[in-house]
Each structure stands twice: as structure tokens, then as C-alpha cells.
Amino acid sequence: MTDLSPQLLLYIVTAGGLFGIGLYGFIVGPQTLRRILALNIIGAGIFMLMVVLAYRGLADDASLPSTDPVLHALILTGLVVAVSATAFALALLARLNQAKAAQCSQDQLRHKQGPGQ
Amino acid sequence: MMVVLLVLPLLSALFMLLWPRIAPLLALLTASVCSLVALQLLLLVSQQGSQQVLLAGWPSGLAISLEANSLSSLLILLTALLQLLVGLYAFATHRRDKLGAGFWPLSGMLQLGLTALWLSRDLFNLYVCLELLGIVAVALVSLSGDKAIKPALNYLLLSLFGSLCYLLGVAILYGAYGVLDITVLASQWQADLLSSTALLLMTLGLMLKAALWPLHGWLPAAHAAAPAPVSALLSALVVKGPLFILCLLWLQLAGATQVAAVAPWFAGCGLAALLLGGVSALRTPFAKNMVAYSTVAQLGYAMLALGLLLRFNQPLFAAALWLFVLAHALAKATCFLAVGEITATLGGKRISTLKGASQTMPLAMFAFAVAGGSLIGLPPSGGFLAKWALLQGLWLQGGQLFWLLVIVLATLLSAAYVFRAVVLAFNRADPVAPDFAPRILPQWLALLPALAVWAMALYSEPLLQLLKQEGL
Amino acid sequence: MDCAGQLSVLSTVLSSLLLITGLFFFIAGSVGMLRFPDSFSRLHAVTKADSLGLGSIVAGLMFYGDLWQNLLLLLIWLLVLASGSVSCQLLARFAKAQQDRVQQDKT
Amino acid sequence: MSLLLFDTILCLLLLALALASILSRQLAHAVILYIAFGLMMALAWARLAAPDLALAEAAIGAGLTGALCFSALAHQQIQLKPDVLSWPQRLWPAVFVLLMLGGVLAALLQLPPTASQLIAVTQAGLGNSGVSHPVTAVLLNFRSWDTLLELVVLLLALLGARQVAPEVKPATSWSLSLSWSRLLAPMVILLAGYLLWAGASQPGGAFQAGALLAAGAVVLRLNQQLSWLSWSNFWIRLLTVSGVLVFVLTALTAILLTPGNTDVVWLRWPPQLAAGIILLVELFATIAIALTLTVLVAGEPASTGAELGCGEGV
């Protein structure tokens, strides 16, 4: 069915599993922070798949066995892009929470003033 | 020439960050220069054929490949022109709308991202472009302040998820074939389980990012919350980026069996988008949401054309697809600018604000009506041209009565939501009083793309030829 | 185990003993973090046991390295030791402040 | 055999940590578990012969993302009762995920065991690239357009985050942590310089060095040092955009230096100058990355509220 060695198979299945776990977390949530974490887990799963794919170069019977530097470079680029997006998402989340908190305290203030009038 | 088109927006955005005071001037200057260069590139491509470049001259496969064909250069020209127009509009209204200095560098980066995307023919480079586009779009939406944060965050998360699905597809394809260049990949393509899975994952991600039905849920909130010039850019250009990649994948890579399996689904999604998007646009009480839902519906046409193109392989459908994209970009820019101008001046978000607008703001309302005509597909307009190509293609295939009926129904729906606004505007009995004297310049600017979309009909023959031969 | 072949039996035994001791401290620290009731005793368990555990693992590994590698290992241990104690103090201060606030709220 | 056992334990641990992070009741636990997950991931990548990536993942996945998540937690309102999801809310997504996972895994098992032919092409081109470490050659020479766009994305994240970020309360400094961070700072700079330099021939490079520098700067910043480090300072802005700016300007200069069609030589470094150019580009990229990450994590110093005129609404 498959030509992959057991080690590669193990890591590939793990990478797929991480994708699945992240996907579940992203759909179910419920808090936004957890969905952001879930996205990062999906990303980690995909990058792990890429690392394993790059590792195939070592297992090869090629004349110059080495890992795939192109894939490694792609992963580094992808990691930076992912962390940038995460940072922006977290900044948006912080702003949202701050706005919510301000709203809450305003409501409480109105509540307290309410009976007095 | 491609280098100029890529470097100029980037450099000007950087300078805008360093000296915020001269940002508007720099932005307008860059957009005009870029428009000229893009025009020159279009002429060059139409004379000498498509220009292919392997970056830095490294061997094929290792280098990132760029290609400027007539479609790409047309889209680059459209991007630069719309940037110029929206820049002018933003400059004319920035005191009132409190757009802030943040808008200018971001719009420069948006132009960079779009231009890079239209040119790139490398799967991973396209991923970076997609992420760039997604982040810059969200940053632009969040310019609106507190009310836009929630839709912006939702947009960002879904957009990230879409990119990750696309990236997984790229990883699988690279694992199987060991190349990223689309042209090289197409020559080695095998229609097996591996490539089908990768294609489906990438399609899922791209459909989410392009807000194609049924993954359009984030679009109305995000586009409606953004400031008017930003909504115009997002609706006109940004959602077309993923759509472009989607077409690239299915038209250049996918094998015959894969195409045959997926074509009816694309057409079906397009159909559902047309009908359901139209109904939502008819039902929403808010003016900007109506325009945003109309984007969902109009993207359905593009999807439908793509599905039919994959099914019948008829060049007329390719022309229809890209004519829809061009016409919709111009018409939607007008719609958002005009509606933004009207709602800002008359002070309200609901469609009922438009009451009597033909009296208080005749120019903006005229622009909206003209653009609406193109959305409906009234002759002679770009929208009509696209629809005509679609109908002609269907007619040539013969026996496609069902699709003809659906298109008529969708046309009626779009007519209904456009006329709902227009009829309200002509209700002059009790007009909504403007908060301040309407300004003329922004209204003229809003009218410009609408005029351009009607002018498209004049150049229908060369445009049709250009897009038919391209087919991507 | 090429390097081990060059080592005398005594140093192999010593290094293994040190490594096992280190692992024991790590496990004890982890168990303590999971089982102890409040922040302070958890901090106590983690930082103390881990400093000692890492120390004996570093000492155990030093049998295998040359001079330069041993110096680097020592540096790593010192850095972890210092940052561990500083962060432990920071966390403890935070926990104390929180405890005080809770008590204030009660009274 | 023992290696396979190690692999199995590591993989199970990764899956368990990810699952626990998703399912844990409290958000703080989820974040801590995610950081542990990131560290284990770095270990797995080191095992898979990718030390560059392990370094980057430890700095980013565990360190940076963790720090960012913690500062987001500080803004989170305290939940009195955790959200409890009903069974159908959990079941249907689980069914969907399992179906999709089945499809993806079935495809992944078909992957060929041979690696890309690009490895040979890369090794052939290495001689003309100016560096001897293949990953650095790909990042800064063969596919430098990706890297340039990546730096733009990072800059954009900073712009977006700055635009929406709420005001940060100044942290209270404390003498012990202050003196420790001062002691660390020179060591961090030294180590970052080494990582940057090493990138030409062995694992290391601009991003790892930048992340390290940023970590040092953030610690100092949390102890109320480096108050000049803010966006309204022109020189800081210049240095922050310099990563992209120097990259583009160098590429333009390289075009001037080589005759021929401009499109072909875009981003082509002349082979005899390539080593110097790459080091120059990397140096400024490191500085820019460090500054960007510092401002992203630690925010603007509170004192700049009064002098917004420079960066905001003109």
C-alpha cells in the first residue's frame, strides 16, 4: 500500500493527526484565543509534514544524501508569516477584549446609577 | 518593467512610513506612474506575447517564475487605476472620514501584494502573496476602529485558515512532484488520489478566501464595516486574487478526469451564490451590507463561468469569466464609493437613508444607478458584455435551457435589489436632509469607474479577443 | 558508543550515576509541581529540583566532552540556574500580590 | 529499534499535548500546554535533521507565540464559569474532522519515499550563491523574492497591530530582574551576532538572531528600559523598515552593476559580491526583525501618548 519506511510513516501520520486536532479546535473553539492556538497547531502539523518530506532526502540512496534545503527554507518563511499573522490576530483580540471590558464597566455604572434616579 | 511595477509601490509605502506627512502625495504619484507603466506592459504583451521571467536567472524549478500574459497585465492595469481613483477619493474625504495616516502605506502594500500575485507562477510564492494580501486587507478593515474589530478578527482567522489549507495542498504537491513552478508541475501532472486531495484542499482554502458560496459568511460583515474607500478596494480587487489562483490551478494543472468531476460542483456553487446572495442583498436593511451581498452574488457569475468553462472548454466562457471580474471590479468600486459618500453625507447606515437621494445628491445616486445597471447586465455595459458572452456560449453548446433560466432569474434578482435602492432615491416627497452640504468632487470620483464600465462596451471586440485567446 | 569505549569503567559508572540522579530530581520536581497544593510549594519543587537535576545531568555529561564543550555546558547550567531563580522570585512575588488582593477583597 | 521507540514516544507526546491544549478547560492551561507542544516540536524537528528549523521553532513557536498569547491572556476577562459545550456541538465537528482527516491521511500514505530532484539542483547552484549553507542560499539567493515578501508581511503585522493595539500599562520594574536583564543583554547581543555570522555556513541566520535580540530587548523593556525604542522616533522607524529597504535598494544597485534585461537580473547578486551582499541584507533584516518583534511583544512605551503627532493622523 505504501512505500514509506515506518519512521517516515509515523511522523507523517502524526503531522496529519495534528492537522486534524487543530481543525477540530478551530471549528469548536469556543474562545477566540483557543481558535488562534488551534490555527497554530494546524500550522505546526503542516510544517512538520514538510520537515518529514525534506527528511526523505537523507534516507535516499542518492549520491549526495542531504535533507531538502528548499523545503527547509519554505518552512522558515512560512513560520515567520504564521507568527506575524498570529501577532496581528492577538493584537486584534486584545483590542476587542478591551472594548468589551469598557462596555461592561459602563453597563455596571449605569446599573448602579439606575435605582438611584 | 515588471520590476518597476513591483518595486515602486513597495518603496513608496516604505517612504510613507518614514515621512507620514507626504504620504498622500507619494501614494497618488506612485499610482499614476504605475498606471502608465502597466499600460505600457499591456501594450508590450499584446504585441510580443507573454513575458516569462525566472527570477535572478536561476534554473527552472529552483527560481521563482513570473509571467506577464495579457490577462495579468490587464489586471495589473486595473489594480493601478483603481488604486489611483480610490487614493484620490480618500484624499478628497480624509479630513471628514478620519481615515488616518495608516491608510496610505497599507494601500501601497496592497498594490504590491496584488501585483505580485497577478504575476507569480510559483505555488509557494502565491501562498506568501495570499498571506500578504490577507493581512493587509484585515489591517485596512480595522482602520474603522472599534466597530470593525470583530469582523476584522473573524476575517483574519478564516483567511489564515484558508491559507493554511492552501499551504497543505502545496506541501502535498511538492512532496509528490518536487517542484513548485506551475508550468513545470503541469507537465508532470498525474490525476491520482494525491493530486486530487491537494487540489481539493487548495480549492477549499481559496474558496474561503475568495468568499465563494458556501464559504462567504465572513464577507458582508467585513466589507460593510470597513471605511468606504477600503471596501471599494476589497470588493473590487482583493477577493479576485484567490479567484485568480483558483482558475490558475484548475485550468493549468488539473487533469481531465479531475476537471470533469468538479465542474458541476463549481457551476452549482455559482448558481447558489447567485440566488442566495441576491436574496440576502434584497433582504438586508443596511446599505453597505446590500452592496457586500451583491459582491457574493456577482462572484457567483464568475464561479458559474468557471464551472461551465471547465465543463465545455469553450473560449467564450473564459472571456465571460474575466469580463465579469473586470466589470464587477469597476462597478463595485463605484457602488461602495457612492453609497459611502451618500451614507456619510446623509448620516445613516440603513437603505432608508437613501430616500430622496436623487434630489439631495443626484450625482452620487446617478453613479450608483449606472453601476447598478452594469451589475444587472443592462446594455451597453461591461456587465452586459460578460453576460452576453456567457449566454452566447451556452447557446452555442445547445440544450442548456436550465442554465439560461437561472441566469434570467439571477438577473431579475439583481435588478430587484438595485431598483429597491433607486426607487427609494426617487421618492422625493420626504427626502432625508443631509448633515452638511454634499461635496461634488468625491461624487465625480465615484462616477468615474461607472463610466469606465460603460465604456468597456465600446472596446468590446478587442477585449473579447484578448480574453478569449488567453483563457489563462 | 564510541566515546564510552575510551572512558574507564569508573567514569562510566560515575557519569551514569550522576545522570540517573539528575533524572530522579527532574521526575521528583515534576511530580511536585503536579501534586503540591499552592503556587509557593510548586515553585519550590520545580526550581530547586530542576536546578539540582540539571546540575547533575551536566556533570554527568561532562565525562564525555572536551574542555570547550564542558565550559559551554557549565555556562548553560549557570544561565539556567540564574534565570530560574530570578523567574521563581518574580512568580512568587506575583502570587503573593494576588493572595494579598484576595484577602483584601474578603475583609 | 530504540530510535523507533523514541520516535513513537515523541509523536504520541506531541499528539497528546496538542489535544490537551485544545480540550483543556482553562485558557491559561491551553497556552502553557501549547508552549510545551512547541518545545517538543522543536525536539522532533531536531531529530528530523532540521536544526535551523528547530532553533526557529523554539524561538517562535514556543517563545514568541507563547509570550504573545500570555500578554493576550492578560487582557482577557476572567471567566467565572468555563464554557461547556453540548454533545452535538462537539460530535458533528468531530465527525467532519475525522472524515476529512481520513481523506488527507489516505492521500498522505501515497507520498513517494524519494525526495525532490531540486536537492541536486540546489547543490549545483551553491557555488555561485555566495554562501555555503544551502538553506541560507535558498532563502537569500535562489528564492529571495519570497524572503523579501516575508519581511513585508512581518512589517505589515507590526503596522496592523500598532494600529489596533490598546494602551499597555507600564510594568513595574524590580531591581533583581532589572540587574539580571542588564547582565543578560551583552550576552544576547554576542550570541545573536554569532548566529547571524554562522548562518552563512551552518544552521543559524537572520530570523533566529533577530528573535534572540528581540527577546533580550523585551526583557529590558519590561523592566522599563529602552524608552527611546518607539515608533514615533524617526531612527527607530528607519531601522524597522531598513530590513526591506536595504534589501530592495541592494537589489536595485545590483541591477545597475550588471548589464542586461532588468527583469532577468532582478534580485540576482553578482557572484563575486554575493557573500557580502547577503551578509549586508541579513544584518539589516536581523535588526529590523528584532525591532519589529520587540514592539509587537512589548508594545509602545506608555510615555509616547503625548507625542503622537509624528506617527498618527496628520
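Order as written gives the chain letters A, B, C and D; numbering starts at 1 within each chain.
The rule is simple: contacts are C-beta pairs under 8 Å (C-beta built on N, C-alpha and C of every residue); 3 or more make two chains touch, one makes a residue touch a chain.
Computed from a predicted structure; not experimentally measured.
Give me the two chains with the most inter-chain contact pairs.
So the pair of chains linked by the most contacts is A-D.
Let me have the rounded angstrom distance from the C-alpha centre of chain A over to the C-alpha centre of chain D, please.
Going by mean C-alpha positions, chain A sits 13 Å from chain D.
Just how far, in Å, is the C-alpha centre of chain C from the one of chain B?
Distance between chain centres, rounded to whole Å: 57 Å.
Centroid of chain A to centroid of chain B, CA atoms only: how many Å?
Here the centre of chain B sits 28 Å away from the centre of chain A.
Which parts of chain D, given as residue numbers and ranges, touch two or more other chains?
Answer for chain D, listing residues that touch two or more other chains: 104, 108, 110-112, 115-116, 118, 122, 142-143, 146, 150, 153, 156-157, 160, 164.
Please output the residue numbers of chain A that touch at least 2 other chains, ranges allowed.
19, 36, 49, 53, 70-71, 74, 77, 81, 84-85, 88, 92-93, 95
On chain B, where are the residues touching two or more other chains?
Answer for chain B, listing residues that touch two or more other chains: 62, 124, 128, 131, 135, 138-139, 142, 149, 168, 172, 174-175.
What chain-chain pairs meet the touch criterion?
So the chains that touch one another pair up as A-B, A-D, B-D, C-D.
Which bits of chain C are touching chain D when the two form their complex?
82-83, 86, 89-90, 93
In the complex, go through chain A and note every residue touching chain B.
Chain A residues touching chain B: 19, 26, 32, 35-36, 39, 42-43, 46, 49-50, 53, 70-71, 74, 77-78, 81, 84-85, 88-89, 92-93, 95-96, 99.
Okay, in this complex, where on chain B does chain D touch?
Touch list, chain B to chain D: 1-3, 7, 10-11, 14, 17-18, 20-21, 23, 51, 53-59, 61-64, 66, 98, 100-102, 105-106, 109, 112, 116, 124-125, 128-129, 131-132, 135-136, 138-139, 142-143, 149, 168, 172, 174-179, 192-194, 196-198, 201.
What residues on chain A touch chain D, complex-wise?
It is residues 1-25, 27-28, 30-31, 33-34, 36-38, 40-41, 44, 47-49, 51-60, 62, 64, 66-77, 79-81, 83-88, 90-95, 97-98, 100-101, 104 of chain A that touch chain D.
Write out the stretch or stretches of chain B touching chain A in their complex.
Touch residues, chain B against chain A: 62, 124, 127-128, 131, 134-135, 138-139, 142, 146, 149-150, 152-153, 156-157, 160-161, 164, 167-168, 171-172, 174-175.
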